């Protein structure tokens, strides 16, 4: 049986330091997974390995049963995996509309075409309009991305990520830097735009984690020490000790 | 004709690599035009319109058009055969397409032999001796130099340099079959900063003579490097030792080691010498493009002969005309419009005695060691001149 | 939603139609207004330089690729075009003159395919340096192959060959001009169209953030490579037209780094961030190269000064100045600026005159002293040996400078308020 | 120590702070709370001279309004910006080195102190800072500013992106700073930690201070919290 | 190749390499620290030569050796202060262009003040003549002096980079200038000093290069691109790399001049008949010595393709 995404004894070292020390993880289609873990545990690195930004030192990454480790990011993206970034990573000089349309183009098969006008690509434009609406940036349609506020940029970041219609989506701390209200807004948004898709997110905010995830993977020192339902993870003593600490997490978790 | 103003457009570089040379030549023309305006047989006034062609054939064509717009019917140019060719080409078309607005081109220094052979033109007159003629004179001189045994050819890798090398080999084979060519090098134009590797190579080859058509910094740096390395037993036979900057680079260190072939030298005596001295006083620079004098002299004589300043008539008058220039009697050969004039081989030595005028305040000068009558250096032409039907 | 979209686009399209028509009319009418042969030469040069600068801007402005070797593709296009013309006139190749620019374009494209493959592997400074290296290589090598490149003299041709094309022989410059104009229009339109294609847009994305482009499915190297090839094509077309125009092309002139540099400088001066910027740049290039150098021996000094000041004070080029004023006009605030601009102009005139007189006198001493101490300058005669001219010129300059500073302050203040009002207006509209 | 009176600040032409007044005493931890966009970061920048400001701004009885940022820093104010601003191509150690003023002699803090505080940084000290994890970068910025031996440290959202356990750790360290006599101006979003460790809480709204009191009184003041902090 | 020729060529190669390094050390400093592709670098080199020429006429060569670089450095600092600084915030391309414009201005001003031809800037008597003679070839004092100056430059720039934090401050300030200021560093002043320092190094190179070679208006343009090659081949940000690249290019170029082999010769040796009519004969017949001076550019292109960081570089863009 194939999983939507599967990691097999994945390892990565930078120079002498091993950052990812043998990760095995299998994610089923349609699952929402939250990845938590202390700072520097290797969560973002894991995302980088999956999305092709880094090549693993050893081990395998399988997307729908197909090996994707060692492939280039754009190849992986074309196979239906898309990611967002912890630090906002959009096209600053293009308008919101253009940002999103860029995200749409490849998946609709327009590739490197220079024989057709963008304005005549009705399907792409319609899809873009729909996306703008989904991420709630209608009012900012023609504003350059640099001029958006931080929260809007984060929304755009998500928009660009989901634009290609990938089935597996990785989000790296999507709500970082947002206030409580914005965060809850955003979770709703993420839930809505990823219906039916496989989702992996990295989060530190326990409120988000518990509100969003079907399952939680806990990464500590480059290893997955737990992969289970939220309740079970919260009860796990090792997780408590390694990551959650006491009061803060409780306070965060309790807020929702 | 008397009292008429004749506009001459000067199209040569005032910027870029050859700015120094161009600037000096423009001054030469302006200075000499002033002199001729004081008194000339035709009673005309010359006006020099200097236009910067940036040494570029393309810019030259636009410069030419603007010159014509300003009413110039004569153009002079000399730096670079590329620009020369562009002018010839443009004039062929212009003079055919616009009767009544013909323009004549006096070439005072572009020495590619092609210009008076395969590419010769009725509207083009060359006042300098071309590469082959100078090599003719130079090798005739070398024929009588028993110490020339091993020759090294070092030239710039572009048409002029390649031709110098080619004619040198041909002529030497003919006149001094015993001379050995021990090395030949072509280096990119104006790219070499350090010539010492070439000097090492020359030394290793055991050469006693170097023939080079290099000019500008390619010559200055070459000779400097030779002097620095103490290459004392090697003589340099050059084309462009007088060009701005090179005398300074040679200085005392090159005493007796550099030869040059040309249509003149610094101590010609007569009027040109007086002018040189005046020029030097005025601008603190040497007057080395005496072909400018020949150009103006030829025009004056041509005007007198044609009794007109109309280029068409003047062109006809110039063909085969003999006239007296600063270096004696010369002839504008009819077949190809190549001036036939005597050539000097001169040697870099301390100024003084009969040759008091030095170059660039170095205290040194090119002392003439041999003069060749026009026929000696004359080379045949393959030109099939197309003359306009009257 | 969809409604607003249509509402958005319609007036724009009308405006676009108007602008393109205007462009066509300018191209057609220009030689009727400016009749001297020099003007015609200049117009012809502008025509193909527009194509070249626009093609350069595909790299610089749209793709963020700083190339120091664009002349390579223009120049090689010229060479192939000229060889094609020579073959055609010998009857060896059945290509009519009107298609020669396309030959040049294909040549430019061919070399872009070959050389671009290695160049576009990298971006940023690395890209810039590779282009510099390749440019120097090609330029130096060209001089070593006189067989193909014609050495110093270059290759010449006669553009009048074959049967006339609808009665056109392309001998007279005016016919050549119109050939160039037609190509100029078509190429400009094509390149504009390119900005509206998927590849064109992704190219912008690559300029802004190449990393992210990889994560939306595009291979950035590939995108740069394709753009490079397209730019190479249009560069070659421009080169082909140049060959037709001059009937001569030589390596030292058309391939060197200086030439590449001038495409860069003027594209930038015109304004790389706007599509039409390079058009302005091309026009300026011709003025600077042909007119300025003829008007004054000090042209490089003027050029350097103008250039440095432009980069310092208008880094978006002339196009950005135009756009800024258009924006003010769009918000109906331009009226108050007429007198202010007038004031600036009035103040600048004496500055320019004074400075130019001084510079010209200095240059006169350096270059033209053979002609005596007096030089004609704007109708008056200056005397470099007398104190009066120097004093007068300095005085005019100083007065001008004071007036300029005064006018500038007033202008800046008004400009600031206008911008403030516009910002507020935009905010208000956004909220509405 | 630090005294702001009627500070107005502008980004270009847009007026962001409308008369901010408060002060920070020696060895005091003051929390500056407020919603997104209320102007807290701008206040910090105004103190550092990074935005154009008007009003009265005094530090240790000297006027520091319009002083350049490096002058302000040399007078003993340290600043940890919200977006981290680590120097990505420099190593962790070099980042810290840049925090030092002069040769670092006479500073209360040494490299060892920093590495002791966050052992993780010691492990990574020769790595380029740009590849550090988000949380590690946050630690690094804090330490970098401490290396400059400030008497007052302004920290803009230090717990952003930190794992809950580290958040607690940071809280502890801020208190250690206080024990060493250093004042702290803590800009925070997360009420929890700010309320735990601060001596005084300020609430900002629309570019001015709308509440100034102890954490307890803020806890008790439901209206202020409702209106200015929650939505 | 005999020992004699080999030794002399090696000496020539090293001395040319050091000349290149002397020309490019200031550029490395500016380029690696500030990221500015300073197109006016060689213009400062030229200015150094001209200023020294005038000064040595008044106060003698040795005082001029110190004063001319200072003047040129001050000019560079002034340029940074009043022009480059304004442009800095617009990005690298405008920075580069403004230096481009400056190179035009300097060239024109030099020509106005000193004229368009070569000036007789001569070596002081102490530097004239050979230092030693080897196998009958003299090694001039002037060249040894250049070598000495180049080594001193290497040492001082190296000290500057390793013993001070200036390098770090600048690199950091390129990314987050405000942050660096907030940490207490006077960033604008550091930028100005670095640019001025780079210009002064160029000026110094001019002072000693101008009289060893020629002092003329074309001297700036003629070394303009080669020094970029050095800096890039060595690796951006790497002083050691620039040094290595200089020596390498110097030596390779020198030895290449000695090689009269061509591809045609190589093919013939392998038994392939090559005649004038063979395809690509003009290319095949080029000898290595003919292309020697442009080998650095080939080198540059290859290096950038296969090792974009450069020989010893650590950064890629």
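Each chain gets a letter, A, B, C, D and E, in the order it is written, and its residues are counted from 1.
In the analysis below, contacts are C-beta pairs under 8 Å (C-beta built on N, C-alpha and C of every residue); 3 or more make two chains touch, one makes a residue touch a chain.
If you want to know which protein each chain is, UniProt gives these names: A, D = ABC transporter ATP-binding protein; C, E = Branched-chain amino acid ABC transporter permease.
Only a predicted model underlies this, so the values are computations on that prediction, with no experimental measurement involved.
Note on connectivity: the fewest chain-to-chain touch steps from subunit B to subunit E number 1.
Distances between chain centres, each the mean of the C-alpha atoms, put B farthest from subunit D.
With each centre defined as the average position of its C-alpha atoms, the distance from subunit A to subunit E rounds to 48 Å. Between the CA-based centres of subunit D and subunit E the separation comes to 46 Å, rounded to the whole angstrom.
Subunit B and subunit D have Cα centroids separated by 76 Å.
Counting only residues that touch two or more partner chains, subunit B has 23, 157, 186, 188, 191.
The set of subunit E residues touching two or more other chains comprises 111, 115, 290-291, 293-294.
Of all residues in subunit E, only 2, 4-5, 8-9, 12-13, 15-16, 19, 111, 115-120, 122, 130, 133, 136-140, 142-143, 213-214, 216-219, 221-223, 226, 253-255, 257-258, 289-294 touch subunit B in the complex they form.
Residues 51-53, 72-74, 77-78, 82-83, 85, 89-94, 98, 101-103, 105-107, 110-119, 121, 129, 133, 138-139, 160, 163-164 of subunit A are the ones touching subunit C in the complex.
Looking at the complex, you find that subunit E touches subunit C at residues 37, 83, 86-87, 90, 92-94, 96-98, 100-105, 107-109, 111-112, 115, 225, 228-229, 232, 236, 282-283, 286, 290-291, 293-294, 297-298, 300-301, 304-305, 308, 316-317. Chain contact summary for the complex, subunit B toward subunit E: residues 16-17, 19-20, 23-24, 157, 185-188, 190-194, 196-201, 203-204, 216-217, 220-221, 224, 228-231, 244-246, 248-249, 251, 285, 360-362.
Here subunit A touches subunit D in the complex through residues 14, 17, 36-45, 86-87, 149-151, 173, 176-182, 204, 206, 242-249, 251-252, going by the rule given at the top.
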